[in-house]
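Below, chain A partners chain B and then partners chain C, in two separate complexes.
Now for the complex of A and B:
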């Protein structure tokens, strides 16, 4: 096999665009070893580790694009490159009317109040700084923003009295518009502050299903609650809700903060005129006058709604599941917080993960399942080279089929996020892989939750039906899906 | 906190489309990596960004000074009498410093011509021997508050415009324009070239001096502003400005004792040379740009010049230091009988025009210029528009009718230039690469990014805290 690199000089393209174009080539030619990246030092290293870097690629500059293939056939490589270029051209509209695409600096001079940034992480600081200095609120979807940059930007935002959401923040809902991955939920009186995307999605959709709505949902990024950052953004968000007349109750969702940070947040909540529901996942504390602590995301949503109507109940899915002993549970998650919640609910069992609560249960290799394990496939190791699993199902579907080949696997636990930004037909994508897996091993039990509402663009009912038609057990919340899986395996 | 609902999407098209589908009021902004993705430069830019408020303050101040500058022609005088540091054996040249061996053909040609003109050598061969003996000193015009178009050669006996920036009191100097084609500034040095220079020294300049002295100065900024309204950009197109200058001079001549014959001779010379105004404008631009030298934290360019071998820039905060790179090759239109094989790399101090906000920065005012330098009128608009992206602000005085009288882009900012990987645009005359031939065409090019990259590195070092020399400076 020979490695061939094609270099396109001075051609910046976003990684998602490049990956999609490379995917077109993979599918059309049925080859695996195809990659298209910008020739940054990190990407060159990545290509080299994949054995896809040739001398031609080594000399490329950061602003150049490399298309790399491994093949025996020189002319096939050229064909693939040709296909790649046409796929890329199709993805990037040649010429936009001037009104539509603007130079960022010019756009910043407009009266826009919010900037959504999804560029590679190491470029975020400069662009976000410009936006903050112009008095704009910023949401950073990108990951790979350094902690130092995050602290700098959050302090600057605080100084300029604007809100900084993110980085690595999947979800916010501002003025009813979903940013990143966000569901269509009713407008209402509950404000949400969350450290991560899937947690916000889960809580907002359950609130919607319970007949209530949200004022704003503010995603502050997973590191905000670390002591180095000191919850700068979360505290700003709480201040915002304190004076926001639409918001009557505030729900906080995050992994357990560092001790001092948690104390500070709780102190702030105690002094607030609003009611609070806090879900720090593994950190459950005693309720206080205006603060209730919730043990799960479902519980957080329920407690928030019960502040206004004590009678509400989360719908239960009655499913008759048979117990299978001696088999393994495998969770393949696209939502990081849902995966973490599952680990917490199942904390009494020996379960491995790439993001374990108990460090001693860290998987040796996230690409290779061991024992009972729950894998967060939205983690960096899976998104290097692929878009987020809520957008692209390539890796998750491959993994579903791979798990089915192991006769020791009894249950595969999934999640499925609907909403803006997510794949237009996630259940359809997953159902295809499930059907293939069932051909290999018809005994495997498939369980999933759907994080979505009846107002989401994907059509909740139809998505649910696609699962049920393939024999997947569907639950309305992650908690219920996890408990069902527990019943079957343990 | 979220006063209005307009959102800007920077990054994935996917999210833009998603927001559109939700009916959001969303603008899609184009992202290109800063500094072309060069990691070292991104780090440098990040380092600089921690001082961005000080930089902003300094650049705002510099921009204000550029706008407040009031260049007036106050005298025409002999270089040896007015240029600081001028000596009989000193030859000034365009661009950053350069030694004789590395000088390009046209500069060498102009230097030799100047030595014969000064009577320091009987002929060009002897002139060359004198240079090689080491008796002649060279120095950039820019080191003497002066500028010169193309080769930019200034010698002791040549007369220069004396322009005073009345807002800040500094003066700048530039020789008088000889015309087009076979002229010293393009490296020509034949007898008729030298004869014309003599006439300028003995007749033209002293007469101008006599009448200009009687005024309180001629407002050059006013002429340039007006000329931009009349289709000039005052670098390579000076038709309207030259006529206006003549209009200023005529009453002065008529009120003076200058003979009618002489007035006719001088007005003919000026009328036949639509570039007359260029040198005057350059002196005005130099007196303007010099005002912003040495402002701590200021990232604006105060000199950009080429010597036909190198291009160099000076940045306000880094003071007198030049940052150089090999001079580029313009793409251009050539006079009959010449082509790009004959062209010398980019040459001259005339990019002081762009430094002060005219020239290519005002090309959109002068669409007719493309007939001289190449391209289409749309290009002229585009080039000027592009310069807004790398300039700190806009001129209050120079306006572009086609852009609804928006001020021209003013104040090249090396931070923006490196971040956006967009260098200043230059329109320029093209000299023959060999000495003695002269102008062969005119063309367009972008300044080399390399000198801005070098300058930015030094700038980042200079503004670091603990840099004492810097902190102690009061301004």
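Now for the complex of A and C:
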């Protein structure tokens, strides 16, 4: 074995590029002992202790790059170094093509009326402020925007008379175009204002399934209804719908707002010329003349459609589920509001969660199931370092298989979101994990809903079939899926 | 050149930004050295702030990144103090995720670096391993951050001349108590976005923090 060192003077390639280039060499030449490191004294010592330092490398300085290989064939070493250098050179990023908007300034100067911002929350304020001042409507997909920034931006948007959606707003449908995670739904006369993404998806898809359509769906972010923010964006959206000739009924979806905020929203709705359906999830109130309160997302969609046709019914899925007592229910959700809706429907049972309605039922560790539990896998603890579970199934699939290893688990309850922004084949992803889980424990009952429409890019019928072929019971709404799970376990 | 910023390390105010000379520019960052050998990094928004870092918008970054010599005067943006949080709370599962990724990661000199850590010979980490900021430096920066948060002393006999210019920059700043935003956020509440930083840098830094806090699994 011969050791050969090559030195690149004053090299400042970043580690990603260096490691990739070293890997190219390892693969192409089938050799293991390839190192590309900065020639610090410590690294020279390490190379030497591994027998990878030759005379050529000993005189290198800290700012130099040292490429060390161990090989039988001395001429091959030179070939490897050549390959390494060409891999380094190839790592120059490609330039963008002409015609598309290349940077934020171009977006600001373009005639676009809406700008979607999806950057770490900490930088949102400066960019969003610029967009608002340029008279653009803004949707902020990012989370981790401080409350102070949110209030500042929302007040500014109100002053400039533009719409501010978000932050942490997963879903909006504006002029028939989906933003964030959004389904393809019919255009219609129902306007939606929602503080949550998955709630908007669920309600808009059910409305579509019932034969009705959406004028606009405006996501305002989960904190809008807190007393500090005072529903600035929600109220602005309601004002918009009030004068919008397309919109005849408005559906509001959010977790229970702070008391004063709820009173203000209801007062505004009461004084409106439009009809309202309100779903504050766990907060059910008595109806007013033009306001109906809904107890679930399905109920909200149904009530909205019934304003126009009393005969509509949500299709029921007839399935034959056997009761199995004494086993645990485990819900693994990607949609936060669907998880919350499930917790509310099952509020009379002892169920734990990372986002419980009753604080005493908070899971000790969201990564470890206990008793009956429903886990919102779109929460921060799961999305840090991973994309959202509607796009990336790594964590959810691992968890499905892990749950199957526990013989006490009887039912696994899932959700599956279709639409733009979501995974191109979510059922296929989940079905793979279900099949693996079933090999471990064939007794487990899998139940899911599909949040989607026949117009979604994923092909609803095909997605449903993928589930059914793996033995998953599929329901058209989350409420129905939850009730089915309840029948089996409790 | 007048440069509009988004945010910058508040210590930038103490630095002479005349006659910066370009060391290297990448897709999302470029760094210069000052006449006194300090490293000033320009980051394309929305990258996380680093000690003596300046975050600028994309179009500004495009103008800066190829300037061999830059005399900068900055305006606008927010001055950020890159100070450690007073308290640290890293949930156990965050620690588990970091350890798991570290275990799975294929790193040059991994066995050697791990035995240095085991033996507590932290001075030997300076300049050890892959990367322009060698991996050992990343680990050590995290380790120093953890010790500082806990109010514990650290050995000061590190020989920072034994590493690269960039590695030295982060180590020197760490000793002075200036840390990247990623590190601050991870220490505060286990924010795992630190793991996205570089191919291995973030993970190594997080491992250093866990070691320093005695949380290693």
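The criterion applied here is as follows: the second predicted complex is superposed on the first by the 395 of 490 C-alpha atoms of A that agree within 3 Å, B and C clash if a C-alpha of one lies under 4 Å from a C-alpha of the other, contacts with A are read in each partner's own complex, and residues count from 1 in each chain.
In this section, a contact is a pair of C-beta atoms (placed from the backbone, for glycine too) under 8 Å apart; a residue touches a chain by one contact, two chains touch by 3 or more.
As the structure is a computational prediction, the values presented were derived from the model and not from experiment.
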Between chain B and chain C, whom does A:141 touch in the aligned arrangement: first, second, both, or neither?
first
With both complexes overlaid on chain A, does A:110 touch chain B (first), chain C (second), both or neither?
first
Which partner reaches more residues of chain A, chain B or chain C?
B
In the superposed arrangement, does A:435 touch chain B (first), chain C (second), both or neither?
neither
First (chain B), second (chain C), both or neither: which does A:63 touch?
both
Partner chain in contact with A:16 - chain B first, chain C second, else both or neither:
both
Does the superposition put A:38 against chain B (first), chain C (second), both, or neither?
both
Check the residue A:119 against both partner chains and state whether it touches chain B (first), chain C (second), both, or neither.
both
Looking at A:263, would you say it contacts chain B, chain C, both, or neither? Reply first, second, both or neither.
neither
Once the structures are superposed on A, label A:319 by its partner contacts, choosing first (chain B), second (chain C), both or neither.
neither
Residue by residue on chain A, keep only those touching chain B in one complex and chain C in the other, then list them.
12, 14, 16, 38, 40-41, 62-63, 102-105, 119-120, 122-123, 126-127
If you look only at chain A, which of its residues touch chain B in the complex?
10, 12, 14, 16-17, 38, 40-41, 61-63, 96, 100-105, 107-108, 110-120, 122-123, 125-127, 129, 131, 133, 136-137, 141-142, 162-163, 174-175, 177-180, 216, 240, 391, 420-421, 457
Enumerate the contact residues on chain C facing chain A in the complex.
6-7, 23-24, 26-27, 45-46, 48, 55, 57-59, 62, 77-78, 91-94, 96-97, 108-109, 112, 124-134, 136, 162-165, 167, 181, 190-193, 195-196, 198-201
Quick one: which bits of chain B touch chain A in the complex? Just the residue numbers, please.
1-15, 18-19, 21-22, 24, 27-34, 36-39, 42, 45-46, 49, 52, 389, 419, 421
Please give the residue numbers of chain A that touch chain C in the complex, ascending.
12-16, 18-19, 35-38, 40-43, 46, 49-50, 62-63, 93, 102-105, 119-120, 122-123, 126-127, 365-367, 381, 384-385
